[in-house]
Amino acid sequence: MALTSDASGVYPIAPTPFLDDGRIDTAAIDRLTDFYLGCGATGITVLGQLGEAPKLEHAESVDVARRMIQRASRLPVIVGVSAPGFAAMRALTRDVMDAGAAGVMIAPPNTLRTDDQIVSYYRQAAQAIGEDVPFVLQDYPLTFSVQMTPGVIRSIVQDNPSCVMLKHEDWPGLEKISTLRAWEREGAMRHIAILTGNNGLFLDYEMERGADGANTGYAFPDMLVDLVRLSRAGQREEAHDLFDAHLPLLRYEQQPGIGLTVRKYLLYRRGLLGSPTLRQPFAPLTAATKAEVEHLLGRLARHDTRAQL
Amino acid sequence: MALTSDASGVYPIAPTPFLDDGRIDTAAIDRLTDFYLGCGATGITVLGQLGEAPKLEHAESVDVARRMIQRASRLPVIVGVSAPGFAAMRALTRDVMDAGAAGVMIAPPNTLRTDDQIVSYYRQAAQAIGEDVPFVLQDYPLTFSVQMTPGVIRSIVQDNPSCVMLKHEDWPGLEKISTLRAWEREGAMRHIAILTGNNGLFLDYEMERGADGANTGYAFPDMLVDLVRLSRAGQREEAHDLFDAHLPLLRYEQQPGIGLTVRKYLLYRRGLLGSPTLRQPFAPLTAATKAEVEHLLGRLARHDTRAQL
Amino acid sequence: MALTSDASGVYPIAPTPFLDDGRIDTAAIDRLTDFYLGCGATGITVLGQLGEAPKLEHAESVDVARRMIQRASRLPVIVGVSAPGFAAMRALTRDVMDAGAAGVMIAPPNTLRTDDQIVSYYRQAAQAIGEDVPFVLQDYPLTFSVQMTPGVIRSIVQDNPSCVMLKHEDWPGLEKISTLRAWEREGAMRHIAILTGNNGLFLDYEMERGADGANTGYAFPDMLVDLVRLSRAGQREEAHDLFDAHLPLLRYEQQPGIGLTVRKYLLYRRGLLGSPTLRQPFAPLTAATKAEVEHLLGRLARHDTRAQL
Amino acid sequence: MALTSDASGVYPIAPTPFLDDGRIDTAAIDRLTDFYLGCGATGITVLGQLGEAPKLEHAESVDVARRMIQRASRLPVIVGVSAPGFAAMRALTRDVMDAGAAGVMIAPPNTLRTDDQIVSYYRQAAQAIGEDVPFVLQDYPLTFSVQMTPGVIRSIVQDNPSCVMLKHEDWPGLEKISTLRAWEREGAMRHIAILTGNNGLFLDYEMERGADGANTGYAFPDMLVDLVRLSRAGQREEAHDLFDAHLPLLRYEQQPGIGLTVRKYLLYRRGLLGSPTLRQPFAPLTAATKAEVEHLLGRLARHDTRAQL
C-alpha cells in the first residue's frame, strides 16, 4: 500500500507514547491507532517532528513504526526519517519500508540556504533512500529555518517522481497553496497531495485554497476529520463554526517547545495515552499551564462534547 | 510626561499612514490618534516594528512622531528608535524626546547571541540615548532571532534604571511573565510594566499571568481595551468570550510578512486610514486574501458590532 | 567620474579615523587619502563594513565622504550606503553622489534567504537609490549570512545595468570567480569588475582566477598594490613570495570582531592614523594581542622594509 | 586508557578513508594509524566534524572506531558522537567505549542559543552517555553557530567532572584561552586540557597563550607535532618559521566545504590514503583547485622536504 499523490483526508501525526519510566508504551500505541482508525483518519504519520524521534534508538524507531503499521492494517503509515546524514536516513527507510510503511517524510537540515542547496538535497535524499520509495516533502520554515519558494517545491516535485505529497506548514502559507494549485491547473507542475500541518492553525482557509486535508497532531484529530468533511461538502460556515470553537485550544497547543507536552496531556486526559510523559529530557507542565489547559477544555466542552472529559 | 514602570492598559502600535502616492497622510495620523484617545487607550507607540520605520527618512520619522505626540496631548507616546548603530538611535531619540515623547522602544539587533552580548548591548544603548530617557525593552525572538531568558531581562532591568517597561512578545511566553512577576514579589527584581505584543494572540492568559496590558497593533484596539478592562475586573469568562470571538481574525492578522497589509486594510475598512497602502516596496493583498478578511469580518460581526462595516 | 565595470587595481577600504575623544579626525582623513594616492591605489571605498558607519550620524557620514572625495581628487570614491531601510539608503546615496562619489556599495540585510528575496532586494535597492547611480554588490556571507550563488549574482547583474562591480568576499570563493568569468566569456553574463575583499586572504589565487584587484582594508595597501601589479605582470612566484610574507599578519588582522582594532593599531603604528581608537563602544586591544601584533610586524620586517616601524 | 585533563600534544582528526566505490578502506585506516603513531601524535580523534560521520551507518562507525583503537594500541582514541538526539549519542558512545575508546567528543546542536540552553544541553548529554565517560567539549561557532562565552565553558566544566578537554576552535579565540587559563591559575576553574582545532590557523600563538597542543586534521600532522615541540621547548622563532612556511597551505585547506576534499587529496598525495575520494554526495576538486594545491605543495617543498611528493 504505497503512498500516492491521491492522498487526502486526515493523517494524524502520532506521538510516541511512553510509560512513566521512559519505556515505550505499546498498549498506548495500539489504543491510539485504533482511535485513529475509528475516527475516520485516512492515514497516520509516525516519528514526525513531534514524535520524539531523536530520543529513540534505531531499533526502537523500527519497533514503534512496525507496531503501528501492523495495527493500522488498512491505513497507510508514513514514517519520519529525517536525519543529519543520508546513512541513518537510508537505514531507517529500508527497515520501515520492509515493515510495510507506505512512505517516508523528509525534513530539510537547517543548514540549507540557497535554492540550489535545497533542490540538490532532496535529489540526493531521494537517491539515498531509493527512488521507488514514496516520500513526503516537509516545508516547515518556522522550525527548520529553511525557506522553500513555490519554485523550489516545483523543482523538487519535477526532479523526483517519488515525491508524492507536500506537508505544508509554511507561515504565511495560503498563497503558496494557491500558487502550487494554479501551476497544476496550468500544466506547469505535476499534481501532488497537499496536507497541511502547523497544528491546523489555518486549516479552515487552507482547505478552501486547495489543500487535500490535514497532516498534523492536534489532540482532537476527530475534529480535524469533521472539519475536512464539512469543508469538502461545501458546508462552509459549519466548518468555520467548528474550527473557531477549537481555535483557542489549537493556538495554545501550537506553542513552540511546550506544545508537545500540552498535546500529550490532552491525549492523556482523553484516555488515549496512559501517561502524559515525554521521554527525558523534557520540562513538565507547570500548574498554571495545566490549569489553563483545563480551562480551555471546559470552555470548548460547551461547543463540542468531545471535550467533556 | 515620562513613561514609568506604572504604565498599564492598552498602548496601540500605530501604523504610519500613507497616501496612495507614498506621501505621509497627516490627516489619517490625526484620525488614528483621535480614535485611540476616544476608545480608551492609555498610550500610543509609534514607529514600532510594524510602523514601516525603515521606509522613513529621519526628518519624516520625527515629523510623524511629533504630530502624534501633539495630537495625543494627554497620552504618553513611545517612539521606536531601534537602529543598527547607536548614532542613528541617539539622533532619533534626541529629536523625539525634544518633541515630547514619553520614552523610546529598543529592539535588539539580530546578531546578538550570548547572554553577555544582549546585556552589554542594552547597557550601551541606554548610555547612548542618555540614561534619563525611559526605554521599553522589546523581547520578540520570532522576529529578531534574539532569545532573552528571564535572567537576561532581569540583568537589563537591574543595570538600567531607565528601563521601565517590557514589551513582551516571546512565544511561548506565559511562563516568562510568571517568572518575572515571581521575582518581583520575592524582591529579586525591580518592578517594571509588562505590556504584551504578538498581536494579542495570548492576551487572554497573559493578563491572568500578570501582564499590565497590551502593546500591539491589532486593528480593533477598542476590543483590546475592553478585554483588559474585563480581565482586570475579574470578569474572566466575559473576557474570554470577547477574545475568542476575535481570535480567528487576530490569528489571520498575525501572519508574518503580510500581517501589516491585512491590518492596514482593516483599519481602512474601519475608516481610520484613508488608504490601505504601504509605502513601497510591498506586496498588495491578493483577491483571495481580501475575500478571506471580509469573510472573517462578517463572521466577527455576529459577535461584535464594531465589525459591521 | 562614475564607477564603471572597468574598475581594477586596489581600492582600499578606508577606516574612519577618530580622535581619542571620539570626534572625527579630519587631519587623519587627509593623511590616509594622500597615502592611498601616493602608493598607487586606483580608488577608495569609505564607510564600508569596517568603516564604523553605524556609529556615524547622517551628517557625519556625508562629511567624511565629502572630505575624502575632495582630497582624493582624481581617484574614484565608493561610499557604503547599506542600511536596514531604503529611506536611509536613498538619503545617504543622494547626499554623497551630490558630493562627488563615484558610486555606492550595498550589502544585503541578513534577513534575506531565498534566491528570489536576494534578487528582489537588489532590484528594489537600485530603484530606491536611482538607476543612474553605479553600485557595488557586496557578497560577504561570513558577515551578512546571505548566500548568493553565481546564478543569483548573474541575475542581479542582468537586472540592474547600474551594478558595475562585485566586491567578492565569499569563502570559499575561488570557484565563484571562475564561474562568473566563464559566463562572461561565453556571453552568458555582462562583464563586471570583480575586486576581492576578505582582507586579501586568498588574493594570491583570486588574481589568477580572474579578479581585477583588491577592495579590502589591510593595513598595508601598498603591499596589495605591489601584489596586484606582480600578478598582472605574470611574475607569479614573486607575487606569491610577497603574499606569503604578509600572510601571518593578514590572517591575524582578518579575525572577526577584533580585526578592525588590530588594523587601526597597525595604521597608527605606520603613522597614518593619529590615534588607534575606535568610536565607542569597542574593546581595546589587550597587552597580549598588542605584543603579538608587534611580534608579527618584527617578523614581517625581515621580508618587507615597510614593516620596519 | 581513559582520556584525562592531562592530555597534550597532537591528536590528529582522522578522516574516514573510502575506496573509490564508497566502501570503507580498512587498509588505509591501518596506514593512517601507523603514520600517526610514527610521527609522534599523542592521541587520535576519529569520526569528528570532518570524518564524514553522518555518511556512516551505526555499525560502520563502530567498525571504523574499533579498528583504529586496536591498531593505535598505546594511543588514546577519542570518538565523535555528536548527534541530534541523545538516543543515537548514547548508543554510539556505549559501543565505542566498549571497543576501548578513551573518550568521546560532543559538539552542540546548532539550535542552542542562550547560555542556559548550552549549559543544560551538556548536563543532559553527560548524563545520557554516562557520567563515567570522559568527554571533549567542542567549541566551534563558525560551523555550529553556537557561541560559548568563557563563562559558559566554565559552567560546563564545573557541572560535569567528566568534561576533561576543550577542543577550542572559536574565532577569534586567543583571548578565550588566556581567560580560561587565568581562571585556572586563580582557582576559579578546574584545569582541563585545551587542544586547538580550526586547522591550526592560529596554532602559533595559541600555544603561547596556554594551549596544550593541537586537535585538528591538517594533512601534515607531523608538522603540527614539530611545531608543538618547538613551541614548548621555547624555540619561538623556529616554531613560527615552520608555521609560516605551512600557512599558505593551512589556509587553503581550511576553506569551508571544500576543505576536506583538499585534505584527502593531500593525504592521498602523501601516500597515506589509497584514494582521495569522499563518500557520496560530494563535489570533486576542479582542475584549477588541484593545480593550486600542487602549486602550494611545490612552494612548501622549498621549506619542508615532507612536501616533496
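Points to keep in mind about this one:
Chains here go by letter, A, B, C and D, matching the order in which they are written, and residues are numbered from 1 within each.
One rule holds for everything that comes next: contacts are C-beta pairs under 8 Å (C-beta built on N, C-alpha and C of every residue); 3 or more make two chains touch, one makes a residue touch a chain.
This is a predicted model, so every value here is computed, not measured.
On superposing C-alpha atoms, the copy chain B sits rotated by 180° relative to chain C, to the nearest 5. Comparing the centres of all chains, each the average of its CA atoms, the largest separation from chain B belongs to D.
Separation between the centroids of chain B and chain C, computed from CA atoms only, is 39 Å. A straight line joining the Cα centres of chain A and chain B is 34 Å long. We define each chain's centre as the mean of its Cα atoms; on that basis chain B and chain D are separated by 48 Å. The set of chain A residues touching two or more other chains is empty.
On chain B, the positions that touch chain D within their shared complex are 113-117, 147-149, 151-152. Interface residues of chain C facing chain D in the complex, by the touch rule stated above, are 171-172, 174-175, 178, 201-202, 204-205, 208-209, 237, 240, 243-244, 247-248, 251, 255-258, 286, 288-289, 292, 299. Chain contact summary for the complex, chain A toward chain D: residues 53-58, 60, 83-88, 90-91, 110-111, 120, 124, 280-281.
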